[in-house]
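In what follows, a structure is listed as structure tokens, so that the remarks can point back to it.
When the chains are written out, they are named A, B, C and D in that same order, and each has its own residue count from 1.
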């Protein structure tokens, strides 16, 4: 089938992720949405790689995964510590600083 | 030289051969030319080991020693490279196309390293707070993992723990920052971005006082940072799709058409530039987020306010330098062929950034937020220089970054000195009459403010003049006018602080000014000296910036 | 000899400097020094006069050039003096009368603890006045012109603790400034026309200038003259100026300063000769003021104000004469000099009376004083006879000539002016008789002063009476002397002279003059000699009441300039604060408000930040694509 | 360049360096040794005066346009040179500055003595005098700068010390509560700074524009290039640049309607500082109009002249009328100054020799006369502790010398002949009339209004019955006499013998006139001079 469709899928996933970031309150879920966006990127990379017939894209995908993993580590650490301090993972509660 | 020599569009460090059975060439790395980065990364790893093995008592000193040593060595390496002509004649692309070693890169790396050294000094400051249970304390939590106010934390404090992890974290961040402006392909760009962002997220969260705000800052910074990097990554994907490669050189050539766009497989499906433009916009967004340009700036005030002040200073200075370096390289190396597309867009961004930052700053009541907004306004001024799209534009931005970073670190260092029972007294009302209580500190801070305001005989003026001059030369006269207006507005709130410090009577419950150790003193002194030297006799540094203003392609 | 000219000014100037800077140690000797230096100046004047008489009529003018005052590209004003017959006449009058009044003041100001300062001011005045008449160019004349203005300001307001005095002084200076505007504008026009404003070249070249320019210059000069010489419409200050000590009124506001306007016009004779329109205006102003002053003089009960009105009117005569051109100049000056004598004498007499009456000025509270102060009575009486033009006395000669010349103007103008002057003569006779009768005749109407002290009228000390006597002699003899010693020939080389052809014979004019004089005296006698004078002024006719208020001219000024001006400034202050300042502060406030509103966007919620980023990216993408599209 | 760079002693730099160094030393005097700081400041200012005298004496009217030239490379990259040189106008104004500062120091002798309440480490006195000297240094240097950029830097930088002088050392004789006064004071200071800063920033844009067009900042080089046509400027460009510069100078001068900062600043500052503002610092604005606006943009200057003349006339009348309406002595003087600045600007843009010589003399004379008036007013205010005219009355009786000097200052302000201001004012009027008769006549009304506000002020404060509160006022003391008497002497001297000044100024004016290629309108009758 035409690989372009995968691109559309990637775009779709990316958008879903972005919207999720915008509408979800729970920090964890927000974070998951970000991960979804990253994976959408991966899909796009792989697809392009296929289309171009070179492997760069696939390799990049690996890198992305690694980075994403690192992000997870850091992100969860932060979110968890906040959760322990406030007993809430809602990003809206975290609004001491404003204006 | 590197990629084109091997094969078009195939980019060798990451992929082995695209075709079936070719010899896998061992990657060829110019270690000496990458030495600054390598030194810092090495030091970072070592200091992780220090954390692991050195007993608590020894950690602080060994960490401080190690980091300062590493940074100094890295800086020496940079100077060495520059002296060796890698900044000009021998500039080329190292690490098989991954990293550029050229004037801008070296200049910015040097700036970042110097800024980092003084920043590290403020990290290491332990005189400001009164000793706790007989243990000297710095600005960082005794045990970052412990819940604020919990038993566990009290125990940690009693035990005299300190979060010496900040040093390795900082070193990693610095390493990332060093790579960022030198990155010569989008992947390296992305990796570097993450490498310096992730530690910063953590650093934001480990304040000793006001932990909740600190953690909140971290959350905000992290989520938004991740969000923006996702955009960046998708943009990279699209550019890759457009050019079939992430190497700057290749993309550039595809853009200006010296390589036929992409292989026929794609031609029928998308022969248009939509990929290029959308991808470019998203990558741009990722970078603008880092430099804190409107409308991607909203994290700045919150994070600056919440993060431990030394970290804020470090971020404000070093991140901006790195990000603007990357931005310059992207616009000047990858997309020169696209100038007529990105210039108008950047115009808009620059204008709203200058005005937005300046205007909102007027009504701020917290000194750290105030400085945050001022940094946004300054990002706008820098963008004006970027837009010039001339060598003088590059050099002016380089100079401005150098000048700005020291003023910023100095200013935040002064902020750490003004304290009351609750830690730093960052609310402006607390600063009333500071000039009466401790004229020296107030005077120093006034110097920094005047530099921010761009008053002549300070580095701020030289930088602003250079940038505006470049912009005007580059035919962006209107931007200069907007910039001037923004400066006028900005002047107002810097003046307000000065008025507050000098002309209003000190409050009875006003803050005390802590007497810092040599470390912070050095930082502040450095800030003042640089401010005045670059203000009065900037010629030498302007020359440096000029020599450093050519990107290798 | 020329080099003495500077000394003329130098002596009194030195006096002023020493007395004003000298400090208290001079309090006892100061007045002697002042008088001495004034006298010295007079002596020098006499010497120069003698020297001048020795020369032939045509080269009597002397010049002394000290240095270049203002040397600027294309603009040169010299510190240089010119002493010709005209200046000489004034110099003698100023120094002579001046000296006498110095002497008089010694007695008059005896009890004033600031007497030293008073003499300093007097010297300053004499110096400035001499500078005025000795200057060889208009700018230097302007210097002296404002100098005398300053002196008069200081002297009118000498008793500064009296608010009325301070106000009067300020008013005098301001009104004069309006006149000075005229002078400076005149100088500007001269400069642009002739490239210079030195008398010699300017007056020599008038032939080449367009009549329009000359008329403009003339009118501006007239404006200046009106200010100094208290001519309508700038006459309002003179009455109030009587707040000053009486010697001041005598010297400055009767004999010398107020006549500067006449000097200016006569000095600029050539300009006016070439600008008939300007001349006409001059005569009109003279005629109007002549009547105006006379009428005011009739209604005032304050002896000094009555005399002030008379001064105004007499100067009106001179201005009118000066407006008549060559047929009038000489007589203007002649009347000026005689007037200097008898009016100074009258004022000193008035001062003497006040001196004896606890400084009472209301004539309704005088009466029957002739027995108590005989010398004053006699001298005052002679001055009185002189001013009303009693045949044989000085006023008779000088005024008669002016009336003659007025008729000689010819045509309807001639008739109008002539009859105006005659009418003026009649009114003069009337109000002066009134003053005479109310003061020295009739029954005593003395009132105790504010602290209940009834007046004990007595003759004034010698230092005061001697000058009065001398002036009286002058007012008797001067006219006749000039008539027969050839005043006309004396001045002619400077001012030029032409015999007017009066429609009436000289004899007729003289008879008419005497006749109207007798009528005036008679009327006054019927009103004030036969009937007793009420102590409290009767309400009087509309005209009388108007005249008491200076014919409402002051009220007009007050309504228009003072009140109007006050409102103007008040509203401007408001405008400056709200509008001019408001715009700026408004902008600042607007930016502040905008800031406050934008600030709200920073609401602390991560997700809204993300929204802005998302939107921003969308805009970026859209913009980039758009750029490509267009 | 038209003039040779003399390798001799850098006189100009020295004249600016002495007060600059003096300022640093004064600031360094320890808190306890307050009086020492005062004397040091006085000595330094006198030393500067001597140097200025040397410049004045050494300047050859017949010589080059710019003399004592110094020129060193500074910021090559911006095309900026450290380039100094003085023409007659500069010499006159340097002399003025150097002359006034000692009196300002002397008059402000006690203005900055610390209150008992203030902390030991707070050293206001040292700061006060150090700032004054710093301002002097910057002003002098700005009169010497022939490099636009250098001038701009000083033009901006001098705001900072001025700002602290206004905001930090307010008039102790304020009305209302201390907080209220402090608020008003910082409002005045901020207003001063922002007005001038905005002006300066707009000028910055123009400066950059000039660089883009001309490629360097040397006044002499640009002017020459303009003259010999090697540097064309599009008409519109020249006009925009001109406006950019002029705006900044008009704020500084100040010209209506940009004047409102002056009354606040002069009202709130101590009298000596008020003098510093109006008599010294503001002169930089008018000086710059003469040197930079006319020198760099002759065509645009001519183009803008009508509008500027109108604004100047408005300033003259408006300022005078507002002065009449003031209740506060110092604000009154401030508005009077606005009126006078109107005259100066009018003279500059009349574009006649008389006008411009007059304007230059006016700058000097106005400086001295305002100093005399304002400082005496300051002495009066410090005695009674109030700035309101209504609080005075009959002072003449209790303090005759004070009243006398005050009157002389006032008479100078209304430019009475015999005092210096008359010469300059009349020259301005004549010069204006020669080119714009109507403007000349309108401006002449100014002399009446000047008399009005001066005499009203004098009458209300000095004459009339003695007010109870002023009954005990002492007369001028020795120190105060030492301030006032020399100033009055200078006023009289320059009033009757301005030649020393005009000799220096005339050639400079000739040069300026040739800059703008203007000839004086000739009198309609030529051969008069011959007849003379």
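Remarks
As a working rule, a contact is a pair of C-beta atoms (placed from the backbone, for glycine too) under 8 Å apart; a residue touches a chain by one contact, two chains touch by 3 or more.
If you're wondering where the values come from, they're calculated on a predicted model, not measured in any experiment.
Two chain pairs, C-D and B-C, are weighed by contacting C-beta pairs, with C-D ahead. Distances between chain centres, each the mean of the C-alpha atoms, put C farthest from subunit B. Measuring from the averaged C-alpha position of subunit A to that of subunit D gives a distance of 66 Å. Centroids of subunit C and subunit D (each the mean of its C-alpha atoms) stand 37 Å apart. Measuring from the averaged C-alpha position of subunit B to that of subunit C gives a distance of 81 Å. Averaging C-alpha coordinates per chain places the centre of subunit B 46 Å away from that of subunit D. Residue positions of subunit D with contacts to 2 or more other chains are 194.
Contact of a single residue of subunit A with at least two other chains is seen at positions 18, 21, 30, 91, 94-98. Listed for subunit B are residues 219-220, 223, 227, 231, 301-302, 492, each touching two or more other chains.
Listed by label, the pairs of touching chains are A-B, A-C, B-C, B-D, C-D. Contact residues of subunit C toward subunit D in the complex are 20, 67-75, 79, 139, 142-143, 145-147, 150, 153, 157, 160-161, 163, 165-167, 170, 173-174, 177-178, 180-181, 184-185, 187-189, 191-196, 198, 200-202, 204-205, 208-210, 213, 565, 568-570, 572-573, 576, 580-581, 584, 588. Partner subunit B is touched in their complex by these residues of subunit A: 2, 4, 7, 10, 14, 17-18, 21, 27, 30-31, 34, 37-38, 40-41, 44-45, 47-48, 51-57, 59-60, 63-64, 67, 70-71, 74-75, 77-79, 81-82, 84-86, 91, 94-98. Those residues of subunit C lying in contact with subunit A across their complex are 599-600, 602-607, 610-611, 614.
By the touch criterion stated above, subunit D contacts subunit B in their complex at residues 74-78, 118-119, 121-123, 152-154, 156-157, 159-160, 163-164, 167-168, 179, 182, 185-186, 189-190, 193-194, 197-198, 201-202, 204-205, 208-209, 211-212. The touching residues of subunit B, counted against subunit A in their complex, run 9-11, 14-16, 18, 144-145, 147-148, 187, 190-191, 194, 198, 201-202, 205, 211-213, 215-220, 222-223, 226-227, 230-231, 233-234, 236-238, 240-241, 244-246, 262-263, 265-266, 269-270, 301-302, 305-306.
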